[in-house]
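One structure is given below, encoded as structure tokens.
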């Protein structure tokens, strides 16, 4: 396998730079901008013939633009005879459109998987995909990394007692359970309910949080609405503290404002999506997972096992020291 | 669109016959057997050139054989110039292999989707897919029917009070919540937990069932092991009755025996998978959903909406009367 | 063939409405908007099973978003079992990225063609593609309509004498010659030249415009920069009037301002791309080509010839009366 | 090319072990079993990222299951980023379904070729394919090895005189002629005939076997029925001994019993398909061709010529010594 | 299905005209010629949008040119929105390259099948394919017609006695046996043999022809060399008359001369390939099978069974009267 | 990457030999001929397993045959397990069929691109493609080399003054302008015009050539008709000399005769297409570009940049010395 080259689109250049720093290679030179008519413009500005190329691009908002940047970069790299193109997509946009929730809806998460393959990508690295089945949307190899053990470890290190891991909806219970399994906490689930046919839908919680430290576990924080409502409910049910641990800081709409004024005491997220520095207030803590992606890229480039990364706690301990 | 023809593999011929009876067409003539060397032998024994063909075949156990029967029938139909081939797969085998739960595992549910497409199938009709994202494994249209509203209605008609819908694991909470949403019941969740790093994994229940009628909701009953353990736990926590409502009666291994000797008071399933008549004892009740598949086939053949089938309760009431 | 249905993305809804008005069908109901996280949201809100569906969507700025809207709508329509999906793309964005002008560039116009095919589109209707070879980027049928004869007729009707058709660059000479061929005008070509190796590149004109009415012919007006410079040169060379006839009003950047302050006396464009009404000042005249697209859609739906549309002048005369 | 790894499905593990012994590598660790619901379960239990992987799996009875095992193993290996996957299929099941012998039949041998390609296999090694054109069913490279020269050599070494090679049907004459060409024997052909329109079909032999040693040559022994009937006819026509030399010991139904009670004096087969040890009676002799497959695997792995293996007699002599 | 249209390439226009005459439709207008630089030039000169189009083109010599004509016509028809394109290939060139007879050879018959599919052909009609497995080279439907029963009937009508059907090589025994099965004749096989390792290869015949009428049966007559040598051998072995019945009159090289001077008394072929009228001397009899192709086209167009055509003798009798 | 191997079809073997001479490797051994029935026959006669193979084959006249030779060679190489197949197509036939100039025409240049990909070619090297968008017809990497700078340099070295670069038609102005840009010449364009609707089409020239040296620049000389007419016009307008510089010497029909008797003083072409030695008269000068192709092949084989070849004048100067 020829030399390793890492390129970045515009979605999260600081993360790409951090990954390069960890590996000890310079970020590949590429013009990724716009023509005056608004069309995305790409020119790879260094030699890639025969190289093992990684493109780091979360498909965060504006998703359509970031998806297209990734596709156009892949097209340029393929036509420039890169030997292998790996799309590193730390946050996979459109992940919630992974099924039809009603008739005549698209399955955009699958469509995007097809588009990525069509553009000439040979393999994908993702991180905490919203639904694990998205991995199966691809026929090319996908390595789905996870930051959940790392986030759980961070919580453990604080030595907090009486923790309850809370799934903010019925679709995320497996993730919350995985989190609490690692830290030996209780579990609670928030679910929608309609008391009577004519009455309005209401939230209900299954499980106990009274006097405990409630930790909402989710893969992403989008508008913050779900989080705010969950925090209210947890506060109302007597939680002595309300935390949220999530991987992807999507922070759409007025999420910062909602979080600020909510009963949330702390929000911990990773940097898969760019968060403006000024918004990192006391409540929001952003932890860096560039080292995790760097490790995966090196292992893929050298043909070493990715699954071994997650088999022992030793791995993270070594890396974290 | 030319004439409607319905064929059946060997996986569930009684269901296919029932569907034909509902629609009022004869089951298509086809030899689907085995050569003496054990290879699957197919010959379509009536004219299908230009026809709108449906093949009814749940990919139940022996799954490999039933999958291959479906593929070989499709190959024969395509080469015989059928205009359109719809695979009707009431139970989609390998559905639990829809993600990698560890490194170096297959995603067999996706592989089978690819095989079906490769064999020339133009569209798929499924029923209560284990994971809704499986729909996205296909690029051809998939209609994912559901028997959950129908099963919920059956329970409602009995007028039982104080019902709690129980998800037997953390992955099925959305399904249990959908069920209880329709009948205004409580929710409970059974989850695995490890108290301390060195202790054994144990089951835990979130929610209350004391003195109530606990209804375990699941998409399929496989070995019955999950069900038996859940029933024990529910009994122990004071449930006054324990029911199970599930769509697919896989009944692998000694499932019948487990159910018989368990704390389960009643098990309700549909006939997507063949259940031997002698095993339909007092506890196990099999309800026929041939009418649901028949309705879907007619709508597809005539170009009418499938989603309309599930938009109003009226539909089922009309059909059930 | 089942019923005709026409849907529109958000790129040029007024054009789609005009097309529907010409044909006498209502515009199909579809939600085409955005989720709060900025992702494109699509739901087709009427029955399309078995229908002959046309989606009208120029891939104008913001191109990435409009391309993705088109792809996601196609995905939804395919999964909803539309019988045939025709993408009507009056302006094909990224058309100038149809070749590599340097090493390691993408060919985005081809990439987009592949994406459209991947999303399930069965055929394409375009209008005055920037390069005719883009038609060959698709393996599905493409009907490339043209508004050039229509624009030429408009000029003829004014009875202006001594017209010179001017190609503003060396790549568009065939188009300018086609235009002038229809109206029996002279031809001129503007070309870049570098007098000596160390001197700056300069514009040069081949042909005579002194005392004549110079009509710049182009497929699109993008930033207006080319047009402004060309108008200056034509004015300087003694043209008594300077017009521009172009199909696609891309009008990127400060195009309106450039046009306003230029030597251009008149700019005639069609409505393939939305032009804000307030910008339609005295200089800029927008002519409607909805009737042309409507005619093509009807012919495709009914299986009648498209090429016949352009074989006689009679066609346009009939339609224009 | 990275390291060589060899895995085996359950169809013929002893052969795979023998191949590994010849090459001097351990058989790759993989779980290839069944879930309790009967579905095939695969987990590759060693690192394969970047490896040159061979999967040895004849698709013998139960064919559907063995085909699916091969496909699922390939899916797992592909998703685990094996660099190249070669399916080694010593006996290619469904090979007799390589054409339509009547209308509306499948061509299952082609379907299986498509399935293998769909599952991600990069190349195939086969042995004495029933019809050589099956090689063309694949677009990936296929190396079709042959054991016929080896079997012919075995016969030559015995020094038997007056041999007649007999094709048991009209489709296998080329194979029988190839065999006798190598050993300078006579040729005879057994063919079906219908004396008069109303009379029953009968067997007829073209050629002379009186007083000679008749050797029936075939690619496989399936139910043994063809063989028994042929042996009867040869005995009846005066053959002094009746042998059968065939590559694939399918031995379906009561083949052993038929052979035992037939006029056959000796049956020589290879071990492409597992033969239960207890059935290897005096009549049936199983010769090992593991060395042949091992040689092919090594040559493919090292990029050396396969066709050179069969160009000279020297190859086999060296290997046999 | 829209209207039926039949077009012809330049390979056998008289046959196409005869087919049109049988069906009662005019031959479609199309320019199929050459540009001055020798490239093939195609323009379809009548409306085909939505039509059910058949292109009649045997890929006879010059094969490369006739294959490309077929592909280019298909490309034009697909881009012109024909609804369905059926390639009618009465003689399938390159059919003898259907397997690798040595290492590093192409399988051109498969390559051509792939090219035909790539060019947009939806289905194929062939006639007496050299190897039936070629049908499996396609994934699109193939109807493989046969003229063998028709040729056999012609012989029967002559009332000749003591007929022996002779296969001129070991690969064609099944075809010769099929022929003789229909007419209750004897069978003989001509095969190559090498007496001793150092001696030259020689022809040998298995079966008896002394005093009989020997009828060589083959699918095609290529250079006539095989035929000449076979006729010599049959004459030498005492045949009282030597005939040849073959479907495809390829007649390459100096085939006419070889036949003229050979011991052949009569050669009967069909008109799948154009035979120059002046070469139809007393020995060579060309029988028209346009009616057979016409019948197949009509059945395909109307969605009626093709296999029914060959199920009874009645079919041909009706058609022949 | 394994060893480099270069093979040649029959279209331009001298060029292939020259390329091999430049690189210092022998031309690969392969039988590329015809069977007696006129079908193309290919056998690769040396080991290619794992090799990096280049096939040199302009698809010049007879184009269909040369295209098929290329496809069949690729099929053989792929099946023989070549690691990578690069088609080197110095002249790309059918390049002028790159768009539909009227309804119901093929886009043969795209069809051929699809055929090449279908045959298993992994990448393409071309030279001065007639339309640059043809590069986008492929999804595999294409390196489009150019001989235009080299031809311009040749002219510069002669020190001729007052040069005008003439585009012989409106489609080639960009190429002529590129040529003159490098040598600082004037530009002129020849275009068709129809004075009045009823009058005949006539040629017109835009630009001045009086007393100058007019150099017609084109990518290919086909029938020579365009060239003859252009030379007449230039002579008539007072050019003191008329030259033609073109890359591809197609020389169809009686091109030599037309050139001989025309006003052309000199014609300079490359050897991408074979020109019979006897036709290289005083007027026609053939310059060798084998070194250019050799350089590209070496760079591709070694993974070095192709675009770097054209970035500086230094490259050619070094090579030419």
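Each chain carries a letter (A, B, C, D, E and F) given by its place in the written order, and its residues are counted from 1.
Criterion: a contact is a pair of C-beta atoms (placed from the backbone, for glycine too) under 8 Å apart; a residue touches a chain by one contact, two chains touch by 3 or more.
Everything numeric in this text was worked out from a predicted model, so none of it was measured.
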* Structure fact -> With centres defined as the mean of Cα atoms, the chain at greatest distance from chain F is chain B
* Structure fact -> Overlaying chain B on chain D by their Cα positions calls for a rotation, in degrees to the nearest 5, of 180
* **Computed distance of Cα centres, chain E from chain C, in Å** => 50
* Asked: Counting in whole Å, what is the centre-to-centre distance of chain A and chain B, each centre being its mean C-alpha position?
  -> 32
* How big is the gap, in whole Å, between where the Cα atoms of chain A centre and where those of chain C centre? -> 39
* Residue list for chain C, restricted to those that touch at least two other chains -> 79-80, 100, 102-104, 107, 110, 114, 139, 305-306, 308
* Spell out all pairs of chains that touch, sorted by label. => A-B, A-C, A-D, A-F, B-C, B-D, B-E, C-E, C-F, D-E, D-F, E-F
* Would you mind writing out the residues of chain E in touch with chain F in their complex? => 36-40, 42-45, 48, 61-65, 67-69, 71-73, 75-77, 79-80, 93-94, 97, 100, 102-108, 110-111, 114-115, 118-119, 222-223, 250, 252-253
* Quick one: in the complex, what on chain D touches chain A? -> 2, 47, 49-51, 78-81, 120
* Asked: Mind pulling up the chain E residues that touch chain B in the complex?
  -> 1, 123, 139, 141-142, 299-300, 303-306, 308
* Quick one: which bits of chain D touch chain E in the complex? Just the residue numbers, please. => 98-100, 102-104, 107, 109-110, 114, 131-137, 139, 144, 167, 170-171, 173-174, 176-177, 180-181, 184, 187-189, 191-197, 204, 206-207, 305-308
